[in-house]
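These notes open a run of structures that come right after.
You will see subunit A twice below: alongside subunit B first, and alongside subunit C after that.
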Partner chain A sequence: MMDRVRIAELMNQMLESQGKARPRSDTQLREIAFRSLDFSELALRVEIEIGRELNFDAPALRAIETVGDVLDFLEVASA
Partner chain B sequence: MARSIAPTASVSERATLGEDVIVGHGTIVYDNVVVGDGTVIGEFCVVGHPSTAANGPLRIGPMSLIRSHTVLYLGASLGPKLETGHHAVIRENCRVGANLRIGSYSSLEGEVDVGDFVRIYGHSQIGRGTALGDFVWLYSLVTCANDPLPPSNIEAPCRIGAGAVAALNAQLLCCRIGEAAFVSAGALVHGEVPAGEIVRPDGSLGGPVSHLLHLESGTRHPWFRHLTGHYPPEAEEKLQALRNLYLTSSGAR
Partner chain C sequence: MTPPTLRLENRVALPNGETTWAELAHTTPVDADEPVAFVVRSAQEACAALVGVATRRLDALLLDADRADAHQVQSLRAAGYSIIDGARVVAAERASVVVPGRITVLTSGTTGEPKRVAHSLESLATMASTDCLPRRWLCPYAPGTYAWYQLAVMSLTVPAQDLVPVDGRDVDGWLLAAEASGVDAISATPTFWRRALVMLPRGRLARMGFRQVTLGGEPVSQRLLNELGSLFPGARITHIYASTEAGACIAVSDGRAGFPADWLGRRLGTGARLRIDADRLFVASPWAGADTDEWINTGDRVRFEGDRVHVLGRAPTEIANVGGVKVALAEVEQVLSQHPDVAWCRVRARSAPLVGELPVADVCLRAGADIGAGELTSWCRERLSEAAVPRVIAIIDVIPTTAALKEAI
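Right after this comes the complex of A and B.
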């Protein structure tokens, strides 16, 4: 499992490359215009770092609305 | 319901209309046109537009809906349940499968091969010689270019695999796109896109389409995992085959 702190670092790197400030965990994704393509890029970065595919079937598919939700999802998917 | 031809329409005696065909006002149906049963042709269409390059008659499958101002050239073979938007153009020698929906102001520029159940939204231009697999989705303003060195006589038309999606305003330049790939809105695409890959807006590859989520609902690609009820019942067998192929193949996830 990739730890949540590292996933947050990867997310922040992505957002900073887009000229965005570091969000808080409770920041709504729509506030920072974090969309499905951004999510897919972050997932790919996590996969590259852990050297294997994420298991998208593992996390319960529920609404992903905040930065914290993204971190939760990818943490479980990387287990 | 009997055949119905508007008094202002002009239908050649050498055209063959099936049962219950309707032809709207101002439409011209030229020689060597065969129209299947139950097809409705709207107003001011040109059906069987002459072309010296045409290699045969124009055939329109049964139960089609040809909306007003559509232009269909001789030599095209169009499958059943074709549906055109207004001002659509299908040029000579296109070979089109079942239930193509092509939106308003879109065009197939000749010699285009289209699989079954393809969806092309409005204002798209599909270059000469392009090949589209079954269940391809091309959203509005998509261009499929076929000249790698414009202007030249070199032809390198796009090849787009079954189930692939090109979102709004994607520009596909002489490329090959694998099955179930997803091209982002506005992307400029060259070269080869592997099956099941995302193409990002900057044209780079962005990982598997199964990473593409609608964040609020958890719905995720490939689209044939979740989209239901869109196609006619006869599509289901082929759609299931696509699911089986894609969702079980080791090369795509």
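Right after this comes the complex of A and C.
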């Protein structure tokens, strides 16, 4: 499993490369224009670090709204 | 075609000393009255085998030891070849008809199982009837490849063409050999040069003072032609189009990428004719392998730009499907490669959650470049749609190459 702190670091690196500020955990994804491509990139970066594909739970994916939701989701998916 | 005259007086500079083809002919391993495959483990073994095959009109194939895996050896034995590996001889599994003078060349196999293409000294001696200035050629190709035969047979059949065979994958090694041997001509792939331009000091390369630089095996960009032109201002730079099956077809020396569109439908200096059908290049060449159709579909795509035709290489099989958006990876690669600090790049599709696939890239930077992946991502964002921007860019130190000095796929 990748810990939440490391996932947050990866997400912050991504956002900074897009010229965006570091978000709070309760920041809504639409506020920072974090779209499906960005989510996929972050998930891919997690997969590269842990060396295997993530296990996805589709219903949980649809429920994601905030930055904290993304971190929680990827932490569970990387277990 | 009549057999070319052998120029056994031409010289061959080997790692353990300089010799002539005549002297090497005395060291050829065996005479044979059956098809034989020589497994060669050094430049000396390869050259000795070639001159033996040429002088005795053997029915033979040269197999670089790196390619002589159990599967390949078994395949050759099943096809009627006895395998000669130094002093060890492994008999063919079945008898087969001997064709004196047949030299069988294996394709690179990058698009599947290597194919055996029947050539001869005559069909490989594409320069035998051409007036050539005296040259000393650096040959960085692996023995047994079509490109290796082009250079080795030229040295064996054209007056005053000496050969300096080296391992082109050993970047320091080939340059040291070139410096020590006093070469003034070189034939190599664009990937070979991109790799050299990244890994070797330009000043040291420039001091080679090549008079002839020949490029082939892959599409040649205008940018690379310009770079080599500035590095070797006294050189004639020629890019050629040739393949194991089609033989030598196109040779362009005007400093521009692509070939003149008005060459289509004409008989060229090489004797080849060209036509385009549905964006694919078809060639008919007197240097083609035996048992091939008159017109060969090369499978290579072409593009017209003004008065030139550019050969783009094999049709891309990789289109990334990024959340339903089709992204042509070749276009992404083109944009990335235009960054001034990028020496080489490869873009591919990688499966990714949610959107199916994402473009990712491996990039080799120019010597002295000090940028990170973020800079390259920004470059792409300014020029590509959001779906086409490579989402992960890995900076690598060495351009991966195959034994044929082409990009490793």
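Please note the rule applied: the second predicted complex is superposed on the first by the 73 of 79 C-alpha atoms of A that agree within 3 Å, B and C clash if a C-alpha of one lies under 4 Å from a C-alpha of the other, contacts with A are read in each partner's own complex, and residues count from 1 in each chain.
We adopt the following convention: a residue touches a chain if its C-beta (ideal position, glycine included) is under 8 Å from a C-beta of that chain, and two chains touch if they have at least 3 such contacts.
This one's a predicted model, so the numbers in the text were calculated from it and none came from an experiment.
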| item | value |
| --- | --- |
| Which superposed partner A:F39 touches (first subunit B, second subunit C, both, neither) | both |
| Touching partner for A:F56 - first (subunit B), second (subunit C), both, neither | both |
| Subunit B versus subunit C as contact partner of A:D26, first or second or both or neither | neither |
| Touching partner for A:S17 - first (subunit B), second (subunit C), both, neither | second |
| Subunit A residues touched - subunit C or subunit B, whichever exceeds | B |
| Touching partner for A:E9 - first (subunit B), second (subunit C), both, neither | neither |
| Touched partner set for A:E65, first subunit B, second subunit C, both or neither | first |
| Residues on subunit A lying within both footprints (that of subunit B and that of subunit C) | 36-37, 39-41, 43-44, 47, 53-54, 56, 61 |
| Subunit C to subunit A touching residues, read off their complex | 322-323, 350-355, 358, 360, 374, 377-378, 386-387, 391-392 |
| Contacting residues of subunit A [partner subunit B, same complex] | 29, 34-37, 39-41, 43-44, 47, 53-54, 56, 61-65 |
| Interfacial residue positions of subunit A with respect to subunit C in the complex | 17, 36-37, 39-41, 43-45, 47-48, 53-54, 56, 61 |
| Residue ranges of subunit B touching subunit A (in the complex, touch as defined) | 184, 198, 200-201, 206-207, 210-218, 220, 253 |
